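Quick heads-up: structures coming right below.
There are two complexes below, and they share chain A, which is joined by chain B in the first and by chain C in the second.
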Partner chain A sequence: MINGTVVDLSRVQFAATALYHFLFVPLTLGLSFLLAAMETVYVTTGRPIYREMTQFWSKLFMINFALGVATGLTMEFEFGTNWSFYSGFVGDIFGAPLAIEGLMAFFLESTFVGLMIFGWERLSKGQHLAVTWLVALGSNLSALWILVANSFMQDPRGAVFNPTTMRMQLASFGALVFSPDAQSKFVHTSIAGYVTAAVFVAGVSAFYMRRHRHMDLAKRSFRMAALFGVMATIGVITLGDALGFVAARVQPTKLAAMEAVWKTEKAPMPFNLIAFPDQARRVNHGAVRIPDLLSLLVTHTFTGTVPGIDALERQAARRIRNGIPAVEALQTLAGDPHDAVARAQFEAHKADVGYGFLVQRYAPDLQQVTPQEIKRAARDTIPAVAAVFWAFRSMVAFGLLMLAYFVMAMLYTLRNSVQDRPWFLTLGVWMIPIPFLANECGWLVAELGRQPWTVFGVLPTWMSVSDHSVGYMVFSLCGFLLLYTTFIIIEMYLMTRAIRIGPEAPGSGGQSGHARAAQEAHLGG
Partner chain B sequence: MDLFGDLQVTWWLLLGVLLVGLGVMVGMDMGVGTLLRYVGRSDVERRVALNVIGPHWEGNQVWFILGGGAIFAAFPLIYATAFSGFYVVMMLLLWTMIVRPLGFEYRSKIADVKWRNVWDWSLFVSGAVPMIIFGAAVGNLFCGVPYTFAWDMASVYTGSFLGLLNPFAISTGLLSLALSVMMGGLMLMHRTEGALRERARRAAAGGSLAAIILFAGDGIWVRALDGYRLVRSPQPGTLETPLEQIVTRAAGAWRGNFSLHPVLWVVPIVAFLALFGAYLAARTRRGQLGWWCGALAWAGVIGTAGAGLFPFLLPSSQDPSVSLTVWNASSSRLTLEWMLGFAVVFVPIILWYTSWAFWVMRGQVKPEHVAHDEHVY
Partner chain C sequence: MSRTTSTSIEGAAMKTLAYFLLFLVLAFCVILLAVVLGDRGAWYFAWLIGTPLIVLVSAAGAAWLDTHEASASAHGKVHKTH
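For the complex of A and B:
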């Protein structure tokens, strides 16, 4: 029997390492595009300042990229090391986009990133530009395939369960790749990366302008980032809305948690602007509600309703009762794969087999299942409401804040007056953490909201874990804690140091350039 | 055997190709990491050594990532069973491997002796330890791994982590380390000059000699191990689970395939010849020729292991009859087809642009390069 502590520790480890990895990925996604844009301006206009810009930002890009690559290795290992049942159960489908990501995207990105950094003197202008674009293309294709894989967990399409092998198998590659969740999530997430990079570049440029350093580079970088940022922020909000629309259809429990809707009400339903959800008593405290808005936001009509948690739990209980015979049939088939009665029983109830697994956590022997256990499992189908509700609201608030910031940034930079507004430049620096927080909140909404499933409606999280001891989990958690804490300190130190040193114009022999040369000389041959 | 069976064998071969790619490319970079403090006595020499592989290690590392992804997609039960069963070892592998990108990127960012020494040692650890673990993992396949399956095909590992550190596995671990030192040495020999080049040459010669001895030794040792033999199983190419076969163990069974198909002896012979060629090339200062011999040697060594194990992928010492094979651990036909389509299109493209990247960065890395270019490591 699987140990509940091991399930929790495995979840903590995966969430922590994924959230950490996701600190670096969006900046890579967006900054690679900004680098390509800057270099395109350099190649088309021939003005050296744009070359200097590309080279300076690519230095910061690489500090971030190294940790993104390093922590990405963890993600690839963890499905196998900690979620082995999951990996065996859906590897047939889930593994494919991951492998294609390597073949099509990560190889491209990684091979050309070396040339992007080392190839300035060896490649023609046009070749180097092509290399930079290929890095941007590779990193974005990489996001596409990873999100195709992730979307299978949110809305499993293109797969069937095979009772002979006890595993899921691919039924339609097209359905997997063109899943609406995958498509809208890819665009939403990659554009969130562009927003991140835009805020980062604008913030660092604001830092220089505030101190009257590198004014030409800072003003031009700020302008590009502001224009890029305003478009990207509008895009991210639009696609976020589309994603909510998709979630409403395929993951009603996630939506109910995002909006803290305990009870189904008549349309048009009000929107909880602020609320303090109480999962035990199933009510909201201190709710500030806006009439009619929920129906409008989620269904884009005044007549649509959003099923509340009460209705969703009743539906889950029904599906659990229907799923129990399916799991029992599977247990029979495991002993005798040719049992025709069990096969027919499975076929009749297979749509809810995942719900049968869900109650097995409390009733390992399904013959003995009690109504209380079914009720408990049905309650499990609702994710942690307060966490999802607030993560969602924070993400949206950060998004709107960034939109306001970029609209102002665009106006000021187009009037060429941003450098004269010290308060706005200071704000720009303080904005840098915001997109990172928004990204983390977005991950939490998507993945906490998916609970209690690893594959929504099909495979419960508790079943998916590897059968480790608590000791093993403590060991690996301590290792990650130690390494990752050290890494982030080093990364932040190098990043702030590189920003403080700033761009070193070739031949200008800035103070820092001399200092570095002297230090190198001191280290000697 | 129908198309499904052919696809399974094709994916087994492709996995071999990816492992050779991993050995040759990642092994080379890790060999440079292992040798860094030996070949580079001064900071400039170390930076020269790092910059030889500097433009390429990111791309090379994807052979490892792709290898993992391909096992996940093509043989999901192997990925699930092996990665969770080897938990502690996998964590050590992972932790040493994630230090490596930082070592490359961050080492030369600060001109401080202590800072750089710490990163040089991390590059040593993140070069040597993963190579030993890769080799030891393959060695453990010959010994069998203690696991079994629950009714729902959840794999249950029944051994301890110390069991993975048995003498045979350690010897195969050292073999893979020797091969990686050889490749790293040959690459450095080809692309550097002076004292650094001489030390790289000695390392390459030593690595290839050690690999010859270890490979021969392991070849003799494997006779004494209890091999696995598939006695009865469903027709290859039918959809099956690991619960439908009978497997027995017998000393020397790992030579069964070689007795059945004597032509397979070509593979270890090629490995020996290539290793010997690499050794001679190192002695006669022909780095590039040596590198290609080394690559062929990797193919020969991995091919020998694969030819011996086939059709086994992960034999179970706990319950030999649930051993995972090419026939019972693979993905469904549709997945293998789609994946093959992508591999057929993209692997040649990858080889093409990788070669182009090496061609662009060709020539020797000289101390004056690293002193003046602010983009280098």
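For the complex of A and C:
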């Protein structure tokens, strides 16, 4: 039996490395497309300011990209080192998208990033633009495959469990790639990256405008970011709704935790705007509720209900009882793979084999399992409600705040008056951390909400880890925290330094429109 | 008409035909992709269409600012002249 502390430390270590890594990824996803937008304007208009903009933001993109790659590499190895049972159990499915992600990231994305940075004087305008678009496409397609792999963990489609090999095997690559969770999660995450980049570019541009530096570059960057951001924020909220709709069907326990629904109520159900969930007593304290809204949000009707935690626990207990014979059959098949009776028993109960594994944590000998152990395992199927509830609400609040910010930013920039509003420019700078916090909260909702499973309904987290010692886990966790904190400090230092220095040709981005027009006329003529 | 001119016109026509065929094939590929993605992966399709749209709106906004500034600058010059 694996030590519970090792399980917890493995989870903390993966969560920490993923959360650190996810600070860098969204900016790469979004900034790459903003670079493509800037360079598209450069190629179509021929105005040098857009080349200068592309080159300046490319520099910040590169700092972020390099540190994103450095923090991402370790995570792929972590599956093997800390999650070896998981890797063996689902490697046949999980490995395929992960391998494609590696090809995308290292062949397509990295190759074209090199061409984008060093190719300005070696490629034609059109060729360089194509390269920049390919960098954007490569970055986002790389994320697609990671999210396909992650979606398999949330909603395992396209795979079957083989009782002979004791592994899951790929049955349909199409079902894996086109699963509703993979689709909505990819688009939601990718567009969240667009929002992150838009807030970042708008914030840095606001910083310049506040100090009357690089005005031409800052005004144009701000306008592009504001329009990019307002559309992306609308998209990210739409896809958030789609993701919630999918979760209601495939992960009802996650949805119940997100909304702190302890008891199933008659439709239309009220929405907990604010509440303080008490997991031990199964109640919410100080709840502020909006009538009828939950049914509408989750089912898009006033007649739909959301199963409460009480009903989900009863359902889990039933599934645990049904899963126990499946696990017993697997134990028999491990000794004799040709045992027809055991195989028939497994086939009859295989839908709930994961629930059988779940109770093994408390009853290694399933012949001796007690109703209390089943009840305890059923309670485990509910994630940490308060953490999921508040992470979800924080993410939504940050999303709505960014929508309001971008609507105002769009209005001010389209009136060409944003530079005359110092308070709004200051707000723009303070907004920079918001999308990063929203992204982290989103990741917490997705991953904490999946517990106690690594593969939802199939493989419990407690079974998935490697059999390390506590000392090893503490040592490696401290090492990662130290290393990744150093990376964050380096990123902050390099970014701040590059922003303070500004575009490479000092003053060129700050010329008046008239002086620039004269220079361009001269160049053109 | 000289032989050289005639060859050059034929060459241009062949080039146009090649481009026409290329874009026709591209259009068929896009339709095929749209049908497959629209059927099996509606959100992927939305991303594929939505991302260039966001980029183009953002780019149009920048071009609009250029036009606005150029017009304001020209207007200023006219005022100065008067």
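As a working rule, the second predicted complex is superposed on the first by the 502 of 525 C-alpha atoms of A that agree within 3 Å, B and C clash if a C-alpha of one lies under 4 Å from a C-alpha of the other, contacts with A are read in each partner's own complex, and residues count from 1 in each chain.
The rule we apply is simple: contacts are C-beta pairs under 8 Å (C-beta built on N, C-alpha and C of every residue); 3 or more make two chains touch, one makes a residue touch a chain.
Just so it is clear, the structure is predicted and the values come from calculations on it, not from any experiment.
Peer 1: Report clash or fit for the pair chain B and chain C bound to chain A in the combined superposed model.
Peer 2: Once both complexes are aligned on chain A, chain B and chain C fit side by side.
Peer 1: Going by the contact rule set out at the top, does A:Asn3 touch chain B (first), chain C (second), both, or neither?
Peer 2: The answer is neither, since A:Asn3 touches no partner chain.
Peer 1: At the CA centre of chain A, how far apart in angle are the CA centres of chain B and chain C, to the nearest 10 degrees?
Peer 2: Approximately 90 degrees at the chain A centre.
Peer 1: Examine A:Asn322 and indicate which partner it touches, taking first as chain B and second as chain C; both and neither are also allowed.
Peer 2: neither
Peer 1: Now for A:Gln279: first (chain B), second (chain C), both, or neither, which partner does it touch?
Peer 2: In the superposition, A:Gln279 touches no partner, neither chain B nor chain C.
Peer 1: A:Ser394 in the overlay: touching chain B, chain C, both, or neither? Say first, second, both or neither.
Peer 2: neither
Peer 1: In this superposition, which partner touches a larger number of chain A residues, chain B or chain C?
Peer 2: B
Peer 1: Report the closest approach of chain B and chain C over their C-alpha atoms in the superposed model, as a whole number of Å.
Peer 2: 17
Peer 1: Considering the complex alone, what residue numbers of chain A touch chain C?
Peer 2: So the residues of chain A in touch with chain C come to 33-34, 36-38, 40-41, 44-45, 47, 50, 140, 174, 177-178, 180, 183-184, 186-187, 190-191, 194, 219-220, 223-228, 231-232, 235, 239, 242, 413-414, 416, 513-514, 517.
Peer 1: Sort out for me which residues of chain B touch chain A in the complex.
Peer 2: Spelled out, the residues of chain B in touch with chain A are 42-44, 51, 54-59, 61-62, 65-66, 68-70, 72-74, 76-77, 79-84, 87-88, 90-91, 93-95, 97-102, 104-106, 109-113, 116, 151-157, 239-241, 331-332, 334-335, 338-339, 342-343, 346-347, 350, 353-354, 357, 360-361, 367, 371, 373-376.
Peer 1: Show me the residue ranges of chain A that touch chain B in the complex, using the header's touch definition.
Peer 2: Contacts found on chain A: 55, 59, 62-63, 65-67, 69-74, 76-77, 79-82, 84-96, 98-104, 106-108, 110-115, 117-123, 162, 164-167, 169-171, 173, 330-331, 334-335, 463, 466-468, 472, 475-476, 479, 483, 487, 490, 494, 497-498, 504, 516, 519-520, 522-525.
Peer 1: Which bits of chain C are touching chain A when the two form their complex?
Peer 2: Counting only chain C, the residues touching chain A are 40-44, 46-47, 50-51, 53-66, 68-70, 72-73.
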